[in-house]
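First chain A sits with chain B, and in the next complex the same chain sits with chain C.
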Partner chain A sequence: MAVPRLLRAGGWVVPSRVRPGPARPSDPRVSLPAAAPRLYSTVPAPAAAVRPRAEDEKLLSEPLSHPDFFNVKELFSLKDLFDARVHLGHKKGCRHRFMEPYIFGCRLDQDIIDLDQTMQHLQLALNFTAHIAYRKGIILFVSRKRQFCHLVESTARDCGEYAHTRYWQGGLLTNAHIQFGSGIRLPDLLIFLSSLNNVFEPHVAIRDAAKMNIPTVGVVDTNCNPCLITYPIPGNDDSPTAMELYCKLFRMTIIRAKDKRRQTEVFNELRRKAEGN
Partner chain B sequence: LRLIYTTTAVQRKNVGASGPEKYTEAFIKKQIEEFNLGKRHLANMMGEDPETFTQEDIDKAIAYLFPSGLFDKQARPMMKHPTEIFPEQRKIQWGEDGRPLHFLFYTGKQAYYSLMHETYEKLLNVQKYQDELTAQDLPPKKEKKNLAGSRWLTKIELEEMLLEKLSDDDYSRFVQLLEKLMTFPCGDIEEKYIQKFSKAVPVQLQKVVIEPLKYDEQGVAFSTGEGTRKTARATAVVYDNGTGKITVNGIDILHYFPVLQDREQLLFPFQFLGRVGKHDMVCTVSGGGRSTQAGAIRLASAKALRSFVTEKEVEFMRQAGLLTLDPRVKERKKPGQEGARRKFTWKKR
Partner chain C sequence: MAGNRMQKIGSVFSRTRNLLRIGVIEKPLWFDVYAAFPPLREPVYRLPRPRYGKVKDVIPPIFYQEDEVRARFYRIYGSGPRPFDLSQSNYKSICQMFVEKFNELKEEGKIEEEKLFEETGKALLASGVILQRRGTDKVARQDHQEVETRDSMSHLQLQTALGEKKDEEEQMPELAETQKENPSPS
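Up next is the complex of A and B:
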């Protein structure tokens, strides 16, 4: 079935204004063409740096030419999703209108999510997260489920990324330079492990991220609104097994992407030294 | 009204700088250097050795050089190390590349939420340990924790510890979590962690110790008691196997207290316990007036009688008010008034 909102994952060009990347090119070797830094400061962004190095450009552009550079497909299978009860949705009465394309069917009033679509969406989302992590972006895990608050925070800490599973103060993203101080760098990706808040309304961060041009990845259940989320993943967000599976997958992708980046940099460094000699 | 010309950049900077001043590390370092230099100058001025000039010497020198009659110690001139004057503030929260240093930075209250996260982790550990014990069929350990001897940190103390502002709800939630952790019988493993947030409270209620009876040379039991009332101080020695003879400062009560009311006051404790003719009493009293001295002796004799009597009767005495010190003293005269309460005569014109 044609998945309408998917971007073709194979040689696709990222529009420059949504391009993720390090906000301040503190590394003089790397120059990013017109990357809009998501910065709040009175200091203007430093001018485009020195002559670009071919291999550093290759470092950043090479992963974009493969459809699945980090091979995220092998991290999960349909059986894993089924065993973790990802396909179980809420009851028919809780169904959100925009989730109807993702629902396989209804059994005894309970909605079942189509796992084939989930597989595709999950692959795209994990691929995107891996690319963001490869480019050293800031990833923020958001979830307002009290049962999994500890799990999400531990996952974020293990990856070396950030988490926010508490009360969301209104101006966190939109009023950041007053709340935190000038010079703050905002997250480059928001991962929602549950896109509703405790009152069963869409989380404010979805709307705020859309306002601030921050891409979002989110697990949407049958009672959620998938509209503003860039990479929705239709799936269960209430079972502990499902949440543990998602956390495990995100953790593995992020660690894998970071390791890959570190390896490539070290490799380039060694090659440069060898050439220098 | 003076027109102030500012550019938009300056206006924005002013908006950001509102709030408590941020002390940078360079500023604090400079202050420490200046303090050390000033300390040496002060030592030279006072004729002391700059190397062995302690903080106490500094305080004495400043009090000598800048005498001040102000009551508030904090308002007087002081010279202390900058770390004591400038409150500790959190340093910049993110690294060179802009990435925050703490994983809960984006929540806004990173210290508080990381504390909650840690405490919850301890709770999960305790639950897991308990489950393991039950799985192996071992009984859970039972230890008594002294509930009366300790209290949790107050909200202000917690704020100082975390260097972050807390709300009342946050604080109460944290205390609830600690209480929950305490309810588990296997809280022993997390004892050290919990101790960080509890403070020992000195035991307030001290049970009044009733002294046992003493025996003099003839084998007669006696007991002493002390009492005060306004400015009178009295000591009474109550002897057993007596005939009801009472002596005050070497004088019989009929002569010392001619008024019936005072004698009634003296006899009240004995009459209450029904031991009117059974005890002898020798008292000494000084200060106060006629009825004040009577009240002081009454209290002293009641305290002495406690040793002769059962605990239940002691409780009856307490409820009757015989053992309570009367706190009433003469109220001071206020300026603008004739006396303590009496105002000057009001004249209409």
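Up next is the complex of A and C:
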């Protein structure tokens, strides 16, 4: 049912047996485009990195073989999440249908989020963030909560990454080449510290990131839609303690990953010099 | 540069994987990381359809054994004399002290069931906590008699209503949910 639509989207190459009959390679005027990439801008965006060497490939592939290379598990515990009131959700009437699997129960009409599941999701999300930061990816923090806009911006500044806590213009990701000029590099990861905007609707950036094939990590409260977020973290996004905890965790993982990368590069450099001598 | 902007079909990963298979894009930074550590649920778009007919609530309500004692305490004494200080995580309210004393006396077993409640009240009074019964005025004992004659009918009605409610409470089925009160760190 979805298959025919998918085949029509993007560059699908017609297999040889289905190809129409005459006027084929013998005709010099006809050139087979095959899978020619369609250029939407005048200049294609520069690649993120040149073709890596064997050593660089080992540098990038080695962390993937460990289940928790950056040891993000030690950064938080269940008690920390409980003390920061991450388990407190909204009232029963505000509950989103797709958040039901992540909710533990309902105490006098207030939803309580299952912290065991939150632990798992948080570990996956922090691990993913760390790997992206290790590979020198661009991370963008997004939050439309005015209460925490300064906190998010200072967290991003401390990590050396980017934040966007103001009004999101329609074409920021989808129309980037025209709004910012060609040769723009889009973020490789979007972190939502609150996935709703000021009118309690899903933030436009969630849909835009899914459109631009950019993975997202997001804190989803009981009134949010977790469908399109790649690595959702079910948890409270309204309490200051909870937001400070999330910012602290993200900041520590990103700094840890970047330091690890710098260390490994320096180590390889020294080893290459030693071998050269 | 090709791309696939159809966010309602498949996930980010499936679309990128298919574009790579065709060969129209270069491998993005996050692709290998996602392949090595996929999320627990594939992020596919789902249409948030409203439920029709009778909606079953799948989320269980959370109740404890101590809730019966707490309900009785709040009905008789109102919210305690001291306001809650939520800034401390180990704060113990008057109600919580009451519940703990109640459980202690219950475990000792020397007092009968019916008298337990009053005995706990007396024990708390002995330890210095003053409990004010709800519905009595602190002000002006002089008007006490006037009030009584005027509102004697409504007072009687109130008492009977409270009495009925107490019976209902005790007959209510107990929903015992054991949940760890202080979760142990993982």
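Assume the second predicted complex is superposed on the first by the 224 of 277 C-alpha atoms of A that agree within 3 Å, B and C clash if a C-alpha of one lies under 4 Å from a C-alpha of the other, contacts with A are read in each partner's own complex, and residues count from 1 in each chain.
Please note the rule applied: contacts are C-beta pairs under 8 Å (C-beta built on N, C-alpha and C of every residue); 3 or more make two chains touch, one makes a residue touch a chain.
Here the structure is a predicted model, which is why all the values come from computation and not from measurement.
Peer 1: Taking the superposition on A as described, I'd like to know which of chain B and chain C A:L78 touches: first, second, both or neither.
Peer 2: It touches chain C, and chain B stays clear.
Peer 1: Answer with first, second, both or neither: which of chain B and chain C does A:D237 touch in the superposed model?
Peer 2: Once the two structures are laid over each other on A, A:D237 reaches no partner at all.
Peer 1: Using the superposition on chain A described above, determine whether A:C227 touches chain B (first), chain C (second), both, or neither.
Peer 2: second
Peer 1: Per the overlay, which chain contacts more chain A residues, chain B or chain C?
Peer 2: The partner making contact with more of chain A's residues is C.
Peer 1: Is A:R157 contacted by the first partner chain B, the second partner chain C, both or neither?
Peer 2: First partner only, chain B.
Peer 1: For A:I103, decide between first (touching chain B), second (touching chain C), both and neither.
Peer 2: second
Peer 1: Go through the superposed model and pick first if A:F128 touches only chain B, second if only chain C, both, or neither.
Peer 2: second
Peer 1: Touching chain B and also chain C: which chain A residues?
Peer 2: Residues common to the chain A contacts of chain C and of chain B are 39, 136, listed in rising order.
Peer 1: So in the complex, which bits of chain A are touching chain C?
Peer 2: Touch residues, chain A against chain C: 2, 5-6, 9-13, 35, 37-41, 44-45, 47-48, 60-61, 64, 77-80, 82-83, 92, 95-98, 100, 103-107, 111-112, 115, 119-121, 124, 127-128, 131-132, 135-137, 174, 188-189, 207, 209-216, 225, 227-232.
Peer 1: How about chain C: which of its residues touch chain A in the complex?
Peer 2: That would be residues 1-7, 9-13, 15-16, 18-19, 22-26, 28-30, 32-34, 36-37, 39-40, 43-46, 48, 51, 57-62, 89, 177, 179, 183-186 of chain C.
Peer 1: If we count contacts the way the header does, which residues on chain B are in touch with chain A in the complex?
Peer 2: It comes out as residues 9, 12-13, 15-16, 93-94, 96-100, 103-109, 113, 117, 120-121, 124.
Peer 1: Can you tell me which positions in chain A touch chain B when the two form their complex?
Peer 2: Touching chain B: residues 22-24, 26, 39, 42, 136, 138, 140, 150, 153, 156-157, 160-164, 166, 169, 172, 177-185, 187 of chain A.
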